[in-house]
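Below, each structure is written out as structure tokens.
Shared chain: subunit A. Partners: subunit B in the first complex, subunit C in the second.
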Partner chain A sequence: MTTLTDPPKASFRLSMLIYDTRYRSLTIQAVAMIGFMLFAAWLINNTMTNLETLGKTPQFGFLLEPAGYDINQRLLDYNSQDTHMRASLLGLLNTLLVAVMGCITATIIGVLVGVLRLSKNWIVAKIMTVYVEMFRNVPVLLWIVLAMAILIESLPAPRAFRGENPEATMNLFDTVAVTNRGIYVPEPLFSNSLGNIHLLGQSSLRFDVSVDLIAILIVFGLSIFGITKMNARAKRIQEATGDRPNTLWANLGLFFVPTGILLALLGFHLGYPELKGFNFKGGTHMRNSLIALWLALSLYTAAFIAEIVRGGILAVSHGQTEAAEALGMRPGRTMRLVILPQALRVIIPPMISNYLNLTKNSSLAIAVGYMDITGTLGGITMNQTGRELETVLMLMLCYLVISLSISMVMNWYNNRVKLVER
Partner chain B sequence: MKKSVVFGALTVAGLAAGAAAAGTLDDVKARGKLNCGVTTGLVGFAAPDANGEWMGFDVGICRAVAAAVLGDPKAVEFVPTTGKTRFTALASGEIDLLARNTTWTFSRDVDLKFTFVGVNYYDGQGFMVPKELGVSSAKELDGATVCIQTGTTTELNLADFFRSNNISYEPVPIETNAEAQQQYLAGACDVYTTDASGLAATRATFEDPSAHVLLPEIISKEPLGPLVRHGDDNWGDVVRWSLNALVTAEELGVTSANIGEMAAGTNNPEINRLLGTEGSLGEMLGLDAGWAKNAIMAGGNYGELFEGNIGESTPIGLARGLNAQWTDGGLIYSPPFR
Partner chain C sequence: MSDVSFVRTEMLPQQEPPGSSVGIVGWARANLFDGVTNSVLTILSLIFVYFVLEGLLSWTFQSVWNASSLTECREIMTATWGKTHGHACWAVINDRWLQLLYGFYPPYPAEAGVNFGENTGAWPAYFRPNLSFVLLLIAVAPVLFDKLPRKLLIVTAVYPFLMPWLMWGGSIWGPVMAAAGFGIGYLAFRLLTPVLGGLGGIIAAIALPVIWWLFLTGIVAAGLESVVSISIPEVESRKFGGFMLSILIGVVAIGCSLPIGIVLALGRQSDLMIVKTLCVGFIEFIRGVPLITLLFVASVLLNVFLPPGTQFDIILRVLIMVTLFASAYMAEVVRGGLAALPKGQYEGADSLGLNYWQAQRLIIMPQALKISIPGIVSTFIGVFKDTTLVSIIGLLDPLGLSNAIRADAAWNGIYWELFAFIAFLFFVFCFGMSRYSMYLERKLHKGH
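For the complex of A and B:
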């Protein structure tokens, strides 16, 4: 016969918060949390009080005052009477521009170099090693300054293009002017333009959307849609009958003809740069500062990406290659269908942090006078209004949002390519 | 991680504001050194010479204040600042005094909370172009590329000037005078604009100064002067009257050469008050009786500083112009020592 005694009633006493292992960790966490919050509150309170004694209580009204300064690279319309907010927006767009351009070129160069570093050709592999070691071991600021100095000192000034026997001439059948103030390339123009749509009226965030561009995108999108439909149909016929109808000409036609007709209707032509007065006029002006920053950031980050790509490829076991070869696959297909998809799983996560680094490094732009958001909001605006705390907080918020967005997109992509286990 | 950055920034701001509250005069005396903010290098105004010794007109103000407060013109720690960093450096207490050809404007005085103690150079914004461009007026600069130091009043004046004259330009913002010089000489910009005195100083360092001309237009008023933080009037008085002592010394004919005999006592009571042989002006400021004598001996009176660093006998070759004594038709004028 067994007697069951009830377990002693668990009555809660305060001392159990310290002596009972079940509660102790919670107690410690709570205390740490309260301590942290008190510290944070003290810091914030201290800052507020001190700023108040200085007579500089945080306020953001300055954002709506006229900026008073000009910005050379404008992706939206802007003049010196626009608000500080709009100046910041233009800076933000410039940051995004160089970040996106940089990420794309860094990826292309990085993947190429990474693959070439594994090349069996000794010279090619060594040259790539030298490139990687040189670029990733010197601070990016120096590369930016060097790129700028080379552009300024080695290229001809616009006045060298002048006169009967100019020292410098334009390249590519007189369409591209390479000067030490930047590169002028032809710009697309429409003689029967459909105009622009103005959005958000007169506010600081207003912007124009080109109807021409939208029309082109729509027509081109429809063409692509048509091509996929056509290919799907060809595949259906092939599966049903075994014969694949020839779609090449139809596809080429769909790809070029509708867009071509639209461009002709809009009166598409190129506007060429021309030397007028002090500078080249017309065409798209890619400033030195943009080119120097873009080149330096791309080459620097590409060195890191190359190493990641190399590591990713080496991480795929050799057995995979051998298995593919045993199945009779050619080397190109082995790389494309077997190795790269597996390597991507290893490559993507560290790639995200390199994209983030590139974006954050673009804040070094001021070294070459590129008007990114650090140059406008965190530079001139901060200096002219004296609102250090506010502008720095806003700057941090901007970079935080950009970085988190990049992370989000890349994580989504990572989830798509990662190994799906059953 | 990001949070810690936020708090880090807040801490810095908090500490900075804390430092600003203490008495600057006592701080300087306790430290035995004056922290003086100057440019990163503008020959004639503030630049290190071949021996690494800082020389120049603005440097002279720093040395005079150091001599007045500490009795030693060498007791200065020069802190090079850019147009962008100067105000933060002063507001945060990193420097006690900013003598960096800084324009006295309403918003800097009122909104940025600084006290301008006076004007040591009346300047205006000008333009420099290579002679070969054949430009004779700033109004012919339509479409030109203009190099400009970012974070200065010149940036705003420039925008206003081109806007009001309805001509276009392409600004190239640059961080320091040296970089601007490099870009200008390489032809990456057609025009360099800054205060006319700065242009003259920059041109003096060129290999061939005569190949560059200053355009006749002066598009702004730029009263340059030393400044201190708001709220420490005692320190502001020390700097203001050190500057005034240099100006008054020139007016009264007290130079670094004759100050020895003048300090023994003269028939002019104002000189006696200035040099501390009569009255107790130094004591009122919280300094020695010989404060002004030390300040003048540091580099000479205002006129000597001007002639020695930027005057017509130097490569920079600036005429006194507006910066002559009021008795000679200029604007340099000190309130009386009484």
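For the complex of A and C:
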């Protein structure tokens, strides 16, 4: 019979913190943590001392003072008596506006160019290659400034539209005026409007919601809901009986008719821009700064997206197509059911990170005077109030929130389409 | 019974392929006019290319090269072609190209009293930035192309200390003493490890150079300078500009961000929770904000974060922030390289009994860095392009200079020629580097 003795109980010695792998990681982490805290404390201490010397103890009260500057391209109502906070809010909305517009156009152009670069047509493929290389290898800031210069220098001034024989005419059946002060497009108007709802009273975050828009969205949403219900029913019937009832006309009707009736009831019409005096009145005015930024960002990002799309399509092995054909699938179904789902898995993550880049690049708006959040909060507000620390921190926070939300979408998507192996 | 009337006994000679499927015609049929849609596309594209080239080429080549102002340029155009638009006025580049390349960096003879003779050109006058650039190429060559002799790595090691001296000037003893700090660290590690043990050696190897840099470098350098004076005229940072500035910022940022990026990537991959959190936080924060906000920090806030009274110049502040920016991206590139290594490599290193740092140094990093070189190059291209952003905070990079040139009465109103020149130079750099990275990708792809 043997007796099991306990392993010798080593008493804890201080040197084990370094030489024993069980404790070493703890030591390293503690040292890292202390180092980081010391560094942060040093930074904060320096900042406090410096700011006190400058007489600028951090506070955010300046946000409620009147801004005193104008924002020419805006989505909500604003005047120069509004607060810095409202100016920043409008800047943020402008950032989001140009980011969303840019992402949409960049995707459209990028997918088109990416597919055309794979075209069997030699000259088309080469033109697309030239486009991609040209835009990828030149700084985006240069493209933005160049787009702005082209818009200002080469487009006709509003006065060129005047007179009996004007030098310039409006485009698209006299509805769109392209001038060197921006582009005037028709605006939707309602003659029997239901009015607006004012939310949040007179505060800096106030905004109006158009009841017309809500009504249209509700009706349109109900139509779409109806269409999905009807298609589900058709599918049930098809599975039960083998015959699919024809839903095309009902679908089209549901899609257009209710919304159309509502629009007619509301008295929907377009307000066209008209030349009055020295400038155009009416319509929606998209300023040069917005157009230049939008154009340059979309074209620049589209070059990257084109490469991603091309890579994604090439990444699906040819065997997949052949296997789909061997199963007797037609080309459309092959594309939709076999190639696209696999290509999208490769395409979407880098595409989203390019959307993120576009959003961050939109901060270059400051170079052309588009009032995005960098131009309002990080530009004029910072210069007027002298609150560098607060404004730059808020600015970073805004971008960080946008970036992290986009990353969250990306992670969610990545997890959804992750290959599940064994 | 019918018999076979004819049986061929010899082979027919091979026929030529039909004329329409070989040569240029065949190529055009296969690649350009393959079906109706393709033919239409081809014709439309040809018309498009014709109009673009026609306008662009006549603008580029029917141009004015010698004039002292835009007005004079326009007069020459009117005299020659009868119209002022549709022709480039390259005279602005002819007049200002040195400024676009070097900013306000002083030509050497002007301040040193050395005369290279009349009109000897830009090379001797700007030999300091030019020499720095050539040495840069020599310094990175052995890193980029592994067929070159390994001895060239000495240039790579010396370059980080030589370049600041060449560019900013002053006494040579400052950079030499800064380099000596690394020597001291190494010596401390070698000599003190047997005395103090492993940990003591490492602490000494870190602490002694830091003490040296913080307290002794200045004194010793000043002393040596008074004994043996080797110095070249100093150049202030605010005179830096043009492509020289872009390249300087790009190269310094990438050079410094590589080690930081490697450390951050290792931290992000490690099991130590706090270290990992700190690294992830830093990387995601930097990648989440636009570079322009970091440049705002450099221009208005960095001095506030440092001890009261610290003042250092804007270029250095921008270099710090761009380096931090680049290192977050670099960390992600290196992390990609680390993740791409098969797990067997880590296990192999473990089974050999290597500790963490030995495994990283001998097994993991050489392979991971090799995989990530294309990524590093594309990060470099990105940072190089992003250097144009410094024009927004008032530095005179090419774009900033183009505004400065336009502010001059002589060249007021000139846009396209300046933009075209700047775009062309950026294109040449970035396209060249992207080709290199593609070559590398192909080369690295072969093995497995």
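Quick note on the criterion: the second predicted complex is superposed on the first by the 409 of 422 C-alpha atoms of A that agree within 3 Å, B and C clash if a C-alpha of one lies under 4 Å from a C-alpha of the other, contacts with A are read in each partner's own complex, and residues count from 1 in each chain.
The rule is simple: a contact is a pair of C-beta atoms (placed from the backbone, for glycine too) under 8 Å apart; a residue touches a chain by one contact, two chains touch by 3 or more.
Bear in mind the structure is a predicted one, so any value in this text is a computation, not a measurement.
Within the superposed three-chain model, A:I28 lies in touch with subunit C and out of touch with subunit B [touch as defined at top].
By the touch criterion defined above, A:I380 reaches subunit B but does not reach subunit C.
Of the two partner chains placed around the shared chain by superposition, neither subunit B nor subunit C is touched by A:Q342. Applying the stated contact rule after C-alpha superposition, one finds that A:M371 touches subunit B and leaves subunit C untouched.
By the touch criterion defined above, A:T321 reaches neither subunit B nor subunit C. Applying the stated contact rule after C-alpha superposition, one finds that A:T47 touches each of subunit B and subunit C. When both complexes are overlaid on chain A, the residue A:I18 reaches subunit C alone and has no touch with subunit B. Within the superposed three-chain model, A:S204 lies out of touch with both subunit B and subunit C [touch as defined at top]. Contact with subunit C, but none with subunit B, is seen for A:L142 once the two complexes are overlaid on the shared chain. Overlap of the subunit B and subunit C interfaces on subunit A comprises residues 43, 46-47, 50-51, 53-54, 149, 153, 366-367, 382, 388-389, 392, 396, 400.
Taken together, the subunit A residues at the contact with subunit B in this complex read 40, 43-44, 46-47, 50-51, 53-56, 68-72, 79-81, 149, 152-153, 157-160, 180-181, 276-279, 281, 288-289, 366-367, 369, 371, 375, 379-380, 382-386, 388-389, 392-393, 396, 400.
Against subunit A, in their complex, subunit B makes its touches with residues 2, 5-7, 9-11, 13-14, 16-18, 20-21, 83-84, 87-88, 91, 107-108, 111-113, 132-133, 141-145, 150-151, 155-156, 158-160, 162-163, 169-175, 182-183, 186-190, 230-231.
Listing the residues of subunit A that touch subunit C in their complex gives 18, 25, 28-29, 32-33, 36, 43, 46-47, 49-51, 53-54, 119-124, 127, 133-134, 136-142, 145-146, 149, 153, 360-361, 363-364, 366-367, 374, 378, 382, 388-389, 392, 395-396, 399-400, 403-404, 407. Note for the complex: subunit C touches subunit A at residues 31-32, 34, 38, 41-42, 45-46, 48-49, 199, 271-275, 278, 284-285, 287-293, 296-297, 300-301, 303-308, 381, 385-389, 391-392, 399, 415-416, 419, 422-423, 426-427, 430-431, 434.
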